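By written order: A, B, C and D. Residues from 1 in each chain.
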Amino acid sequence: MSVLREIVMGSGLVSVLAVVAALVLGGLLIASTDERVGRTVGYLFARPTDFLSAFWKAATGSYAALFQGAVFNPREGFAPLLETLTVSTPLICAGLGVALAFRAGLFNIGAQGQIIIGGTLAAYAGFAWHLPAGLHLLLVIVLGVAGGAVWGGLVGYLKARTGAHEVILTIMFNYVALYLLDFLLNTSAFQRPGETNPISPRLDETAVYPALSGSRLHLGFLAAILLTVAVWWILNRSTVGFEFRAVGANPDAARTAGVDVGRATVLVMALAGALAGAAGVAQVAGTEKVLTTGVAASYGFDAITVALLGRSTPWGTFAAGLLFGAFRAGAVQMQIQTGTPIDIVLVVQSLIVLFIAAPPLVRSLFGLGRGARKRAAQAREGADQPATATTTGGNA
Amino acid sequence: MKLELQGISKAFGSFYANQDIDLTVEDGQIHCLLGENGAGKSTLMNVLYGLYEPTAGHILVDGKPVVFRGPGDAMAAGVGMVHQHFMLVPVFTVAENVALGAEATRGAGLLDLEVTRQRIREISAKYGFHVDPDALVEDLPVGVQQRVEIIKALVRDAKVLILDEPTAVLTPQETDELLDIMRQLKAAGTSIVFISHKLREVKAVSDVITVIRRGRVVGEAPPSAPPADLAAMMVGRPVSLTMDKAAAQPGESTFEVEDLTVTAPNGTKAVDGLSFRIARGEILAVAGVQGNGQTELTEAILGLQPHVSGSVRLEGRELLGRSVKEILRSGVGFVPEDRTVDGLVGSLSVAENLVLDLYDREPYARGLAMRPAEVRANAARRVEEFDIRTPSPEAAAGTLSGGNQQKVVMARELSRPLKLFIASQPTRGVDVGSIEFLHRRIVAERDGGTPVLIVSTELDEVHALADRIAVLYKGRLVGIVPAGTPREVLGLMMAGVTPDRAEAAATAREDALEDNGSDYDGGAL
Amino acid sequence: GCGAAPESSGPEASATDFTGCIVSDSGGFDDQSFNQSSYEGLKKAESDLGIEVKQAESKSNNDFATNLNGMVSAGCDLTVTVGFLLGDATKAAAEANPDSHFTIIDFAYEKPIENVKPIVYDTAQAAYLAGYAAAATSKTGKVATFGGMKIPTVTIFMDGFADGVEAYNKAKGKDVKLLGWNKKSQDGTFTGDFEKQDKGKQFTQNFLDQGADIVMPVAGPVGKGAGAALKQAKAAGKDVSLVWVDSDGYLTAPDYKDLMLTSVMKKMGEAVETVVKDDTEGKFSNEPYIGTLENDGVALAPFHDYESKVSEETKAELEQLKKDIIDGKITVTSQASPKK
Amino acid sequence: MSAAAPAATAPATASAAPVSWKVPATLSVLAAVALVVFGLFGSAQTAEFGISVSGDAFALPPVRVPGMATSLVLGVVMAALAAYSVRLKLAGRPTPGWAGPVFAVLFVFSFLVWVVASARTPSISLAGLIAGAVTLAVPLVFGSLSGVLCERSGVVNIAIEGQLLGGAFSAAIIASVTDSPALGLVAAALAGALVSMVLAAFSIRYLVNQIIVGVVLNVLVSGLTGFLFTTVMQEDPELFNSPGRLPIIEVPVLSAIPILGPILFKQSVVGYLMYAAVILVWVGLFKTRWGLRLRAVGEHPKAADTLGIKVNATRFWNVTLGGAIAGIGGSFFTLVAIDSFTKEISGGRGFIALAALIFGRWNPIGAFFAALLFGFADNLQAILTIIGTPVPSQFMAMMPYLVTVFAVAGLVGRSRPPAAEGIPYVKG
């Protein structure tokens, strides 16, 4: 809804300009460290065209590669787009988890740990048990989602019971989950027979998401779409979602209206964990098909940005997940083709988020200025984010 | 100091909150501003205090034009202001609040609070305030907080003191004391701009009255002008100042509170051994100064308070120990005292707020799924019925004006079959027209046979609605008196004096009180 | 910038049209460990043999397959992959592209793959010598080791080191203690990652507090933390030393060279370069390469500044031990040793 | 004057507070654990605690205590305390404030005796344990002080990690290029301040959600430093990544005091700065005009505004100052701990600092002790793996995080953040 409204309200243009501004800044950075540019700068005044063309080539070359890796290239057609969808799957799932919690006024930094626990259980079910197709995958999914739900729900429970701050709890639980996984991967139950490397056996063929032939895109992406719909339904059409939004925006009023805020806290954290758990499933049963300590990569943290960029709405998160997926997929190609360090993508990504979040800045950059502060104020009021969630200290 | 406002206009977008206002406050004068809700009084004062930049017009101090770029400038020029909503940092001590912005330091920026404490003691002694400089503001009763605000202005040597609705939260006694203080300040040469909706006070203390309507000055009046004339000037039409309702037809007592005790988190008993009953078709109004246990009483009935003992029975069923949801389901309607905190979720739509405590019941939900069509239909009905002024039912509730927000809460709570209706401050910050409407709805609920519990700090409202009046003081029931009990008696009861002694004292006071102060008893304005 | 412009800037001609590529694991090419060593080997091949080099750093495990596919489509003749984590991805890429060659560092397959050459190391052999040397040099009778994470390529160092200390104790009837690793329970002290260098420093400080005077960090960049702690202790007058791993620390971590008793070298760069060279000459084979003391794939680095501090007797014993290991008279065992 | 003026003070009818079972119950459970696990099932070995490190002026002999007996005695004392707390609860009175800390110290001691006595080598250096705890806490303390300043003035600071990392990077590169670690320190402060300024500008000027800005800044700084590390530093480490180290400055005589000497009088400039910063921020916040105004804009910006205080300027500069402090904390990694930069060298410590700041209830001293607790737990687990515990190393590594969860959930509970935190101030 907010995406649509944005376009209608003309901030779609601002979003495009934000991306442009970020790309330009990133391009400056790429070019400024490029070897050829460095050489031409030595005789900048003698022959400035060399410098400029080197500069232009460095920046556009990188971005062309990025595009080819993420969307389309002449050789493979739209195959890269499938890769983008693949990479965005865990981002969307975990992002939904963060967004859902955020709508209920909770800042869930714990997606990382929830992915790990979900992925661990899912993977174990996938390689240790041998079951018929269908049933096996179903069990993998259920266990993964349940694992994430428990890990998230535990935070919700502690918060509801003791008032401990969810930011502290989720940060700590991330570490605990990681070390737990590290421990498990050092036990023979999780290792390949005859090996001592901390890597699990491959999941059974019956336990993994079927993939689109010729690509890595797997059924987990469909799950991500379904989850987006589900989260949209929960938030906008269900009674629990109504509770979450009420609690998130004004816990006092919610309590007065008979909502059990403690129960809502546990429930929303469990659901958030379940979504992150689904991201874990997408990892082990979708792309990697094994369990290692790197199962969560940095998806749990990227999910925060994805959710916030998507203004914590389900479809916004979905779109932001796709955008980030495209960047990740493209970055790989960019690195291979032009040798541009992959870290630059992080820079461009974060610049885009900053610019998109601050329309007045973009407007003034492009000379579209009009009442910057006032519009920013309105944008903020219009944003679907609850006020309480913007503090690290709300004791909802 | 003489203060002149010449041709002041203040626009918010295309809306003019003040238009071409001229106002002169003479040296040592108490100048009163009257006007209904939203007339533009606070806006004008904020302009005067440098918080808003006027769209047009000048301010002159002792004949010389000045420009206030911020409150700092205004304070430097000798203008002090006590805001309608207190501007105190709750977690600071009195001394810290007073020092803020004009701190005494001992070199290197180190605070010298002793200097401030000394000043506070001096001022307290001079005007008879009893303020402990080291008390935390959040622990203080509102009356004392208000004195802190006044001290803040006096410490800064204010020559003109703006008091924006200072009496709204005070007991009659506290109000009298404040009026005394104002007279003393005036005697010491301070000019005062005084804003109040209560004609009794205005008439008692002011030297001159200016009436504002819809952002414009509509006239001046001497303090001797009859109240009905002043009210008509404010609203622009003749107003009936009394609420007429049929006598109550009480049935059996279905709501019984027995020995109710609520322990606050800090260990004090916020409600202490309270017992009373309310019959069907009867309104019991609880009067008392804010902070004497009214909040805790209503919250305890609704199941919002954690440490409660005693018994609360509705139609024979014990409510204590049940969840809020169960209590609401058993037919309790509840209007909390602060609509923005407890009554509404500002970022949700009006339609959603209208089902805030019904969202998971038929017809608004079936199982887990909500039914938006039903929610919308309900909203359309209530908006119509309660005349809620909103651009659309989908508008965020937080964007409505205060009066309309209150109507949303009332509409929600009165729109289902009730066995008990509880409302705290049902018309706080609401304009005359809406007050009339809401009061009629409450009385209608009573006449439908529902026991009604009203909590209000406005004696006018208590008088308008109550069939019986209970007064709370420090969590205890001082007494339950009949509807017609004079406000002086109630005032004394609100300070803890038992009804019989209060009656005696009130008679004595009445004789001492100034001229026509007591013949005017109603007046919701 | 106001130099003169060059007249023409033609592309550097490459000597061959061989493209050598490398895909890192998530440690990246500056991990000061196996990714970096392998990468440097490839870069050396670039300058020595004139091959073209492409590299792809993996940020996460998800990137492995993409990076490998990218390399194949970029026309790589030989792709180096680093670490056991890339095992599955390398296998998949190799099977899908039978005409391309691959070599994987620190991992060997149960069943050999036609076009993948595993490069593995029996690091414990060299670590054994280091453990012996450390035990013989320790004044306090306590030596220590710690790891970054508990993975076989790390613990194999610690196992060998432990055996070396044990061998010294047995030979001399001494009781030199090893802190930070218990070979029997296969557990010990780990900093938890390969990032927090200050933690490496603090851990080393703890070892010193517990009386150790020689420390072998097996933790990539975190090893620098150990160096820093020891340097500080030395400045405070303590007689402490460092055992470096992977490369000869005397050369690669010059900051700490005066602390460097020796290093347990695992010559990945050389191996990579050799494999590349062989491949350019058409001599690629999928025969696993196992670095041992015998083929000098692993080795104890020279003592450099410590030459005079290590007794001749010890040096002779180390020579003998090395010979015995090569001859198979001594077998250094570790769970993590490559299977022959 | 009104004759009937009642004394206008807060109604303070002291009566039975609703004392919760939380404290008595927690104490009872812990006392039982101490008695049974540490005492009855403890090892009878003698535990040895070194309290002097070589170099101390008056080297004290190590303290040796019999494991089981000591734990039993301590356990009995704890049980007595718990019983006292339960009795008070039954009488409707709260447990006195001193009981908690005393109990905590006893418990930690009992725990130490137990683990040390049951280790393979039952001996640890207490001095080293504590000194190491402080060392590990240094960046955390700086980070949480940054958080204190930002959040006390009303701006949520999730960007501590980015500030630490930015500080570490700039310190390394500037100190390398200029050959002056001191300049590196200045650069670190500037870099941290710069990160903070972006946070401040976006959240104050453009009213962007402060959490978004914080999260994104962490990614931005991580990407930027990673990129520059690869493209610049790695190209010529001699020139760009060899900052040299800030010296350890020993105060003669005092540094030789057992246990306290090394932590107070044998530190780098950054270490001393840490103590100075904690004290200065505390004094500044609670005893100066600056602090009063800072807290006012974080609690009730409108009130501050009506008193002529420039809310947004106050926020902006204090957020910037906070960033500078975190930046200095970041320089600890590259100028004190070791002397070079690598990617992600801050390793997530910004988030631990965030936790410490909340745990310490937005108070500099509280945050300091919270960070110290974390450092203590972290160092303790390291030492325990060194002396050989039967617990797997991964579980030992979890210890600091579990201790934090326990402390926050079991003992601290709800904490009250500055009221206006996270809410941009728009005038009028």
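Definition applied: a contact is a pair of C-beta atoms (placed from the backbone, for glycine too) under 8 Å apart; a residue touches a chain by one contact, two chains touch by 3 or more.
In this text the structure is predicted, and so the values were computed from the model without any measurement.
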Both-way neighbours, i.e. chains that touch subunit D and touch subunit C: A
Among all chain pairs, the one with the most C-beta contacts: A-D
Centre-to-centre distance between subunit C and subunit B (centres being mean Cα positions), rounded to whole Å: 75
Subunit B-subunit D separation of Cα centroids, rounded to whole Å: 44
Subunit A and subunit B, separation of their C-alpha mean positions in angstrom: 47
Interchain centroid distance [CA atoms averaged], subunit A/subunit C, Å: 35
Residues of subunit A touching at least two other chains: 179, 182, 186, 341, 387
Of all residues in subunit D, the ones touching two or more other chains: 230, 392, 394, 397
Residue numbers of subunit C (touch at least two other chains): 150, 192
All touching chain pairs, where touch follows the definition stated at the start: A-B, A-C, A-D, B-D, C-D
Contact footprint of subunit B on subunit A as seen in their complex: 237-240, 242-243, 245-246, 249-250, 252-260, 381, 384, 386-387
Complex contacts: residues of subunit B adjacent to subunit A: 302, 304, 323-325, 327-329, 334, 336, 341-348, 352, 356-357, 359-360, 365, 368-370, 372, 396
Contact set on subunit D toward subunit C in their complex: 50, 53-55, 120-121, 123-125, 127-129, 131-132, 135-136, 139, 229-230, 234, 242, 245, 248, 332-333, 337-340, 342-345, 347, 349, 378-379, 382-383, 385-388, 390, 392-394, 397
Touch list for subunit D against partner subunit B, complex: 1-2, 4-18, 287-290, 292-293, 295-296, 299-300, 302-310, 419, 427-428
Residue numbers on subunit C that touch subunit D, as the complex places them: 28, 30, 32, 144, 150, 177, 179-180, 182, 185, 187-190, 192-193, 195-203, 205-210, 221, 224-225, 227-228, 232, 236-238, 255
